[in-house]
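Structure in structure tokens, see below.
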Amino acid sequence: MMPEIVLEQARNVVDAGVKKSEELGLCMNIAVVDAGGHLKAFTRMDDAWLGSIDISIKKARTSGLFNVPTGDIGALSQPGGPLYNIEVSNGGLITFPGGLVLTVEKGEVIGAVGVSGSTVENDHDVAAAAAAALA
Amino acid sequence: MMPEIVLEQARNVVDAGVKKSEELGLCMNIAVVDAGGHLKAFTRMDDAWLGSIDISIKKARTSGLFNVPTGDIGALSQPGGPLYNIEVSNGGLITFPGGLVLTVEKGEVIGAVGVSGSTVENDHDVAAAAAAALA
Amino acid sequence: MMPEIVLEQARNVVDAGVKKSEELGLCMNIAVVDAGGHLKAFTRMDDAWLGSIDISIKKARTSGLFNVPTGDIGALSQPGGPLYNIEVSNGGLITFPGGLVLTVEKGEVIGAVGVSGSTVENDHDVAAAAAAALA
Amino acid sequence: MMPEIVLEQARNVVDAGVKKSEELGLCMNIAVVDAGGHLKAFTRMDDAWLGSIDISIKKARTSGLFNVPTGDIGALSQPGGPLYNIEVSNGGLITFPGGLVLTVEKGEVIGAVGVSGSTVENDHDVAAAAAAALA
């Protein structure tokens, strides 16, 4: 049985991400996918980069399809690394930080969140705050 | 100056669509794009068809890129019609009902909404209720 | 919770499809996807059309993403129909017969099967025999 | 005359890969293509990463289209290398280990196998065990 994220959970994740972004003075795109990588909720904050829409969704999908933070894959996909250019698979993966798995108690994965719109450090921090909304 | 939909407006549109769907006992995918056709907000209600995620987004884009209801294009894209098979353009258009332009007072277009998850009549009705949230 | 098809079930479905194809003297492509539309098992019988590989997978995905037989969508996607040209969505849908939902007791959907390689009547019959393996 | 892999051979390859994966306690995606790079058989073991479905198929295609192990291409596609970024061709190639040519006696190439779901070392080892089923 694959646990399914429900809309209330997805909204809490997005809202927590928006709140954190506002605290940091950032304009983010925030995407939530289910455990199968399908989009569940998406929000583009005002003034967020248009180019980050697709990146936030791909970050969420990338994290959800492999059950790891996007940055973990990026550490392995560099030139000379074991997963070099894995990004061309699955219709396009984004492997730099900003995508995190969403887990509920007992560590069950119910989906993933992807954030894009600032530095990768900020993207990661907002994603972490968003994911923490499920704890 | 292209009028821009702001997040609060997009959320009101989505929320009105969800409310109408719940009243009708339907499980919908609801997408909002800005006047440039770029995704602004998206919500998949619990138990909505996975295949309707993409359709709701494409309905919103189709309406937003041409500034008409999706069904108006579908009337012209039939075999023998003046826009026959226009659906293959723009990375895929959806031209049956469920996509509507979002306007504010004075009739200014600020984006579009796309709804998918039931019959095209229900999709259209939910889209109309969603769009009315801006009036 | 989304019920998940396990490999033994997927193999039983494929094997039942191959057996039925052999009885009918046909060379088929048979694809099984999970409830999220992701490929679980695939088999191309010897001498089956190469062009039917993708069609069988798309039939399975189409049925799985909308929880209906592919032919039900095709009946609605004809010129003048309410879902005209829905096929351009979701990276390409196949809406003629040969894709069927896979259900277990209590009617729970655990995935879908797609068959391609002969007439749509034969494709459907083989898909039905394949799906019956779960009963 | 292009030698053709038959279904019995493809199944033996997949089964040998599944057996080896089980011995190693791994959950793999295993794909077999013919000498033309077209999918012949595919199996996703339970709990295997969804993101590895496409990677296993692309590894098999990559190996089959160039008649070499995927890792041999990866050695040449690094920055400054002679095949830099070849991965964007052919709808997406995967050039890290886990894809191997399938040969029968006399060294005739009849297809290729691609494995994805663990480290590239494990992916390669399972692919080697799978390919050995034809010897």
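Going in written order, the chains are labelled A, B, C and D, and every chain counts its residues from 1.
Heads up, the rule we're going with is that a contact is a pair of C-beta atoms (placed from the backbone, for glycine too) under 8 Å apart; a residue touches a chain by one contact, two chains touch by 3 or more.
This is a predicted model, so every value here is computed, not measured.
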item	value
Neighbouring chains common to subunit C and subunit D, by label	A
Interface residue identity across copies subunit B, subunit C - same or different by half	different
Separation of subunit A from subunit B, taking each centre as the mean of its C-alpha atoms, in whole Å	25
Cα-centroid distance, subunit B relative to subunit C, in whole angstrom	29
Euclidean distance of C-alpha centroids - subunit A vs subunit C, Å	31
Between subunit B and subunit D, centroid-to-centroid distance (C-alpha), Å	42
Of all residues in subunit C, the ones touching two or more other chains	4, 36-38, 91
Chain contact graph, described as a line, ring, star, complete graph or other shape	other
Partner subunit B, residues of subunit C touching it in the complex	36-37, 62, 64-67, 79-80, 82-86, 88-91, 93
Subunit D residues within the subunit A interface of the complex	49-52, 54-55, 58, 74, 77-79, 85, 87-88, 92-97, 119-120
Contact set on subunit C toward subunit D in their complex	4, 6-7, 10-11, 36, 38-46, 50, 53
Subunit C residues touching subunit A - in the complex, by the definition given at the top	1-4, 34-38, 91
